[in-house]
Structure formats: C-alpha cells, structure tokens
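Written below as structure tokens is the structure these notes are about.
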Amino acid sequence: MKKLINAPADVVVEALAGLAAAHPRLAVDLQNRVVYRADGPVPGKVGLISGGGSGHEPMHGGFVGPGMLDAACAGEVFTSPVPEQILAATKLADGGAGVLHIVKNYTGDVMNFEMAAELAEDVQIATVVTNDDVAVEDSLYTAGRRGVGVTVLLEKIAGAAAAEGRDLAEVTAIAQRVNDRGRSMGLALTSCTVPAAGKPTFDLPDDQMELGVGIHGEPGRRRVPLASAHEAAAMLVEPVLAEIRPDQGVLAFVNGLGGTPLIEQYLLYGEVAALLDKQGIPVVRSLVGSYITSLDMAGASVTLLALDDELLRLWDAPVDTPGLRWGA
Amino acid sequence: MKKLINAPADVVVEALAGLAAAHPRLAVDLQNRVVYRADGPVPGKVGLISGGGSGHEPMHGGFVGPGMLDAACAGEVFTSPVPEQILAATKLADGGAGVLHIVKNYTGDVMNFEMAAELAEDVQIATVVTNDDVAVEDSLYTAGRRGVGVTVLLEKIAGAAAAEGRDLAEVTAIAQRVNDRGRSMGLALTSCTVPAAGKPTFDLPDDQMELGVGIHGEPGRRRVPLASAHEAAAMLVEPVLAEIRPDQGVLAFVNGLGGTPLIEQYLLYGEVAALLDKQGIPVVRSLVGSYITSLDMAGASVTLLALDDELLRLWDAPVDTPGLRWGA
Amino acid sequence: MSVEAWVREFARLVTAEAPRLTELDSAIGDADHGANLSRGLNAVVSALDTSSFPDDGALLKKVGMVLVSTVGGASGPLYGTFFLRAAGALGDGFPAAFRAGVDGVAARGKSTTGEKTMLDALVPAAEALAAGKDWAAVVDAAETGRDATIPLVARKGRASYLGERSAGHLDPGAASATLLVTAAATTLGADG
Amino acid sequence: MSVEAWVREFARLVTAEAPRLTELDSAIGDADHGANLSRGLNAVVSALDTSSFPDDGALLKKVGMVLVSTVGGASGPLYGTFFLRAAGALGDGFPAAFRAGVDGVAARGKSTTGEKTMLDALVPAAEALAAGKDWAAVVDAAETGRDATIPLVARKGRASYLGERSAGHLDPGAASATLLVTAAATTLGADG
C-alpha cells in the first residue's frame, strides 16, 4: 500500500483537519468528525446535512458551504457514520427551519441516519435517500440500489433551494425530484486499497475491468474485457438512458473515481457527449471531475440528470464550497 | 496499461474535444490543439498563453477563461508543442496589447516557444519562464530548474493583472515576481504510464518513493524509503523554505499528481500547515487539489508562494475557468 | 453465568479474527467488517474496564450503546440493537434475551433468514437455545447457518449489489455472529 | 549521392528503433524520444512522397520544417534546426553542411559536447567528416561518442534533472543521432 498517510486509523481525522486548515470558512468538530459552516447555522434556513463513509472526497465535507450543505459527518473509510455524529451534524445545521438528511442508500447509512433521526427530538427532520445506481437491480426484496453520483447533484440543487428560503417540505420535494430524475453507472479499472486493510480489495487482471462498480471497492456486477473509452461510454450511458426521460435535456456528469486523471475523464466525457448527441439528447449542463471517489480506484462513472427549468435554475445558482464553486 | 482511452495516438485530441464539449465558453482548434476563449481575444487586453506537453490536466487548457489564460496549446503527452501551435495560440490571444508567453523551463518548451516568438512578427511578445522546482540544482551550466507548481499560481495572478488592464511590461513583471517568490518540490509514490509507451516509465518498489520528481515521469533526484505523510511534508517543505523569504505569509499549494486522491492531499496539507505554523509562517491562502498532474502518477508536490499585497489581491480577483473558478 | 465474560470473550474472538472477517468482506463487501467490529469491541472493553454496572441488563445496554456509537456501517446498528434489545429482555432468561436481540436485528435490518446475513447464523442459534439444546448444539446451529450462507445470493447488505456474484462466498456478518454464539458457549456454557 | 535516400534511411532506422529510443528515454527522461522522432519522420516521408523539390537544399529545408512542426519536445527544434542549417550550407559539400547542422544544434540547444546529448555523437562525426575520414570511421566516431555518454552526468536536457543518477545510461538523443550518421554512411557512402 502506497499512500500519503500516517497511521491508517488516523486517516479520517487528519484529512478533516487538513480540510479545515485549508478552508477557514469551514469549521470542524474533530471529536464528532463533523465539517460545518463556520458562519452557520443560518437562522430561518432549512439545514442540509449529509454524511457517509470517508474515502469519497470531496464528498461530503468538501460540499459544505453557502449554497450547498450546512454540515457533513464523516465515518471511518467506507463505514457510515454513527448516530452520535449525525446528531451532532444535525444540531450544527439547524437554523430553526428543520434539517434535511441526505442519505445514500446503503444499509449502514440508512440505519445510522434512522437512529439519529429518532434521537433528534427537538429538530424537525426530513430524509431523502439517493439510489441512482442502475448497476444494481431495483427490487423491493433487496437492499435496493446504491446512492452514487446523483448525491453530488442533489446536494447542490437542494442546497440552492434552501438558500432561496424554501421550507423543509419544498426542499425535500426538490431533492426527491433530483433523485428520481437522475441515474448513474460506474466502472473500475483497478481496485482501491482501504488503508486499514493495506491491500487492494479485489484483484483485477490487466485485461479486464469491473462494470457496475460502486464507490466502496465492492466488486461490480460483472467483469468484462478492458474496453476502449468509446465502448466504455456506451456501457455506462445506455443503461442510464434506459431509465430516465430527458425531455428537457440533461446535466451530464462524468466522475473520476480517484485514481483516474482528468485527461481521461475529459476524453470519456467527449465520448459520452457524442453518444448523447447521436441520440438527440441535448446536454444542457455538464460536470467533469473527481467529485465522488472511491479512494485511489481508477475508473469513472456517468450520471445523467433529466433537468427541468427549476432544477436548471437551482443548479446555476451560486455555490461556494471547496468542491463546487461558482457565482461566489 | 489500464486507461480510459481509445488509440494512444488520439488521446490528446480526444481529451481536448471533451474539454471543449464540456465547457461551451471555450473553443478548440483541434488542428493546432489550441484551447481558447470563445469570446476572445479581448480587445486592448494583454493576452496570456501557455502550453506544454499534455498529461498535466487541468493545466493548461483548463485554465483558459476570464481572469486567467486566453489560449493554451497542447503538445503530445509530455512533449512540448511545436512552434506552429504556439503561433496559432498567440494569434488567438492577441487583443492588440501584446501577448505574454508563459513557458515552463524545459529545453523543448523553451526552444519551441523561442522559435514561435521569432515567427510571430506582428505581435508584441514577452516571455516568462517558470523554474520553481528546488529538486533540481540551480546552475548556469545546466538546463536549470523545472517549471512546476508555480506555473498554476502565475497563470492565475498574471491573468488577473491582465484582466485589470495592465500593460504587457507590467503583466510580465508581475509574472516574473510570482516565479521569483515561489518554489516547489514533489515526490512520487508510483510512476505514471505514458499511453504511447504502454508501461510505467520507471519501476518503484513498494517500500520506496521518488523524492524530487518532476511532472513528466522522469525519475526523481533520489529514491528514499516510503515515508509517512508527516515525514513527507517535511521533505517537501524544508527545501522550499530554504529558498523563499515569506515575509508577508505564504500561499500554500498542495498538488496531487494525478493518481493520488483528495483525501490524501488534504491529509498532507494538514501536515504542511502544521509545519509552517511551527515555523511561524502565516498561511494566508491555500490551494489543495490536482492542478498540475503527471498522468496517473501517485504523489504530490508542495508549492509555497511568498505573497505580497499585490499578489494577494490578484490571487483573490475573480477567475472563471474549468480548473479554477471563484468570484464568477 | 456472566454476561460480562461473554462480551469480553466475543471481543477477544473478534479481535483475533478481524483480519479474516475483513478478508471475507473484501470478497463481497467493502473490506471493513473486521476493522469495524474490532474498533467497536475495543471501545466496549474500555467501557467495561472503567465502569461498573448495577446489573447485567445495564451492562448489556452499555455494550449496545457503545457499539452503536463506535462501529458505524451496517454492523454497528445491528449489533448495537442486538445488545440493547437483549438487555431489555434479560429478565426472562438468556434464551429469551438472545431471541429478543435477534428479533431486533431483523427489525432494524428489515431482514430475515436466507438473505445471506448475520441472521442466518443468529436465528438458528436462537431457535436451538429456545428449544433447550445444549451449547454444543447451539454453536453447531450457528456454524451450520453460517456455512449455509456460502451458496446464497445476497439480498440484503452490501453483498446484494453483486447479485449472482455474491454466491460462493461466506457472509462476513454470519461469521462474526457465529463468534458471538461461540463466545456465549465458552463463557455462559461453562457454568450452565 | 542522394540526400533524399539519406533522410528516408534515417526515417526507416528511427521507426525500427523507436521502441529502443523510448526505452532509453524512460531511464533518464520522459519515455517519448522514439515516439517523437518516428512521428516526425513519418510526416517527413509523407512530405517527400507527395512533393518534388528543385534541389537538395530545398528538400532538406522541407525536412527541417516538417520536423520542427511535428516533433515537438527538445528533439524537434534540434533536429529541425540541424536540417534547416544543413540545407543552407549544402552548396559547400556534405561535410560542411553536416557541420553547419551540428553547429545549429549547439546554438539552438545552447549546448556543447560532454553534456550527455546528441552532440556527443554528432560532433565527432562532423569532425571525422571534415578530416576526410571514410564512412566507416565516421560511423565509428559517432558510435564511440554515443557510447561515451553512458558514464556522463547530464547537464542539458531532461536528464540533467536526475543529477548524478543520470550517469550509467546511454543518452537517447545520442542514439538517434548515431542513426542519422549510419543512414548517411549507408546511402551517401554507397556512391562516395
């Protein structure tokens, strides 16, 4: 394992300390591993929090700031945070108008957020669970689909809605709409290495890739021969398009998983854009970069969000976080 | 070699096409591999161009936009662009007030920019050569030091000066001051793989790292045992501090080399900040991210820029590019 | 009978087996089950070392709360709920307490047997206990349930994302749950 | 004597040896010397195939311009300058033209022999040509100069960044420059 870290057990706290040091407008409660707006909570504004295992940076801590999250709590690497942390984040985000919990659909995340919500007696809480990963079969009888790339877009758009002064029900409805209109699919060229494990989670021969991979180093749905970017784009875009109705154009999001550099992400984006163009689907906005990662995994995911006028307007609204920033 | 690409020979053009597709306010001359402002050139404004081998994304194409570069030309991977490309970029950036060539100090870059400047008869050209890498001994009798991380900061700051309406001599002087006041040092945990070569440029045992590495997969100054982030920070910061006089505080820039995820970059930033704090050097601004990369190389570099009032003000000025964006 | 000894023995076994639990989790999960549980059980042992409790119910409640607040992931709330629920039912005897814990896991996890989870080891053990079987039979029930997860296609937890590819691997939670049962047999069985 | 044959033979050798040139560049550079030069010489061959030239000087000038505009890196301007300068001096005979080319490389690269560059092969070859040595001796001079780069510590080009670590490796540019000389011997020597 080759990583710029000290002891594996300290990775999360030390990375949070670095984030806080680099961004003076963020504060961090190192005990509870909560990143929050140093100028928060904003009175009268709906608070937004998210959280999850670490290893997905900049998500979520890097999305704390005006126009996006009010607080984020970080679990151990790939391990959802515990209720106490979520509760601490909730309180730090509560400006009196209620708090939206943005939860990625993983059993651990869902249960820990549920327990936190049960404990947060004096704060009004709403929850939205993202489950956009089309690699996983959608079924009532299973844990269901994972929450992946849509989470980033949702945090931005719901954050803009809250910044506009919408109430908790409205912000929740918008968040839910983002989740409903967005889908994702990912692939891995290499495994990641969890610091505490010290070796790659899975072995992947040089001539193969994992298709339908998540963001926790879990193996994908199937192993396929290493493909060109052109073929890979089709493998990612087609199952996504099978599930959304982009009547007013899409936001196309190509995401690097941590070990794949930007040159490849842009090359893949070009293939994705060409494919959408061929299908007559206008790309109204785009996002290319490593925003929801899986430690050092090489690979990428594609998320398409079927925009509507309101989602587009909220996407374009100012945001001022370490990970996403414009108009500010 | 596992990369999201098609044919190795097409990587550069296809990545540029993707960049242009993702950022409608950028245009790209695919023939000359020049990225330029779609709304440019700006009449009366000093034009800024840079260029170099590809494989360092987002640098330089991702730094084209208001407040930074007017155009950038991309050579083959790790190969400086040819004079024709540089000339094309110069013309696309020329708003009548002259063009600043920002050149990283590599023999090939310097010679190709020189030849381009000789050919650009009707444009007034000034040149600044960045050479901030303290890993290389500074000597009149050699090729001298490499231009690395300072280039990013210089493009931002000189870009802001040009946007303010400064003339070519003033913009050049400010650019030169950034170079003089900034120094960098890098290390690699792994080699990168050049697409056309198909295999890692060098082998690096699991328990070693290359200290004093550049951004072209060239081996570093020496191979040292794999160190903790704490020790690595000292190895990077100390030789840099030996060469600058940060009388008014520094801009601290921790840069990922392409294969190192943000969680490690922030962790390293925390170590760098702690070290500077211990030495009583105030960190006035910071930048953490993969801004000048070496394909998929795992590793990081530290750049410190000794700020002064004017450099700080220009750093804070609005910038609107794919790679750096604020205030816009 | 000492539930404290049971918990300490569980902690000892998990710590010893942590690498293997993580290994199992690498195959069909995210390579953290051993790290998660041993982190939590270390915290439990510290809490036991530094506190005293009015009764066993209070002790188990504390165990549950420490697990909930230190483990995270899926197994934190599940094992935490197990001990919290067991604590509340301890007055009805160990088999009833164990059953209550297992029911808590099923409720918290919205899961049942046959979905390739810790329940596949826990439920047979609870049934064997309820039927008054001896400890060897109880451990055997857990182990049989655990091994029976191998061919299953996961429907709950992270392994469910693998679909058919989850078959052929032992569920890490079923492995750790079997340690819980083994620990009970070693400690509670000694005087039972 | 045909300079066109010379250039074509140089292109053939570089294409054949490209992987080895890149290999040499991996050790002390950035792993692209073979790719750079073969890309440029492919373009040169295309240009030769599709154009005709009034004289050899015009042809060599075209070769230089194509190299400058297709190779990039350090070797593009250097080999480009070599051919551009050689083109201008061809009227004074091949040895003088070759010398002019070599001087152009030194001027463009601000370099001299002993710095572990292509000049270490080019300069001895130019001197052997000037001294009227036969082609075998000219090639031998280039090869000896090339091999003498191995122990040198690089002072110019990318290898200079390695400092002492650059010693022990053959300079890739010296290797490609030796192919230029070999190509001259094979083609120009045939009728000389």
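All chains are identified by letter, namely A, B, C and D, in their written order; residue positions are counted from 1 within each chain.
In this text, contacts are C-beta pairs under 8 Å (C-beta built on N, C-alpha and C of every residue); 3 or more make two chains touch, one makes a residue touch a chain.
Owing to the predicted nature of the structure, the values given are computational and were not obtained by experimental measurement.
Inter-chain centre distance (subunit C to subunit D, centres taken as mean C-alpha positions): 72 Å.
Between subunit B and subunit D, the centres computed from C-alpha atoms are 31 Å apart.
Per-chain CA centroids place subunit A at a distance of 53 Å from subunit D. Multi-chain contact residues of subunit D (touching two or more other chains): none found.
Among the residues of subunit A, none is found touching two or more other chains. Arrangement of the chains shown, judged by which pairs touch: a linear chain-to-chain path with two open ends.
Pairs of chains in mutual contact: A-B, A-C, B-D. Of all residues in subunit B, only 53, 75-84, 106-108, 111-112, 114-115, 133, 135-137, 141-143, 146, 194, 196-197, 201-202, 214, 216-219, 221-222 touch subunit D in the complex they form.
Residue ranges on subunit B touching subunit A, taken from their complex, read 1-6, 11, 14-19, 21-23, 54-55, 57-58, 62, 189-190, 206, 209, 226, 228-230, 232, 254, 258-271, 273-274, 283, 286-288, 290, 293, 295-296, 298-300, 322, 325-328. Every residue of subunit C that touches subunit A in the complex is listed here, in rising order: 22, 26-32, 35-36, 39, 68-78, 108-109, 155-163, 165.
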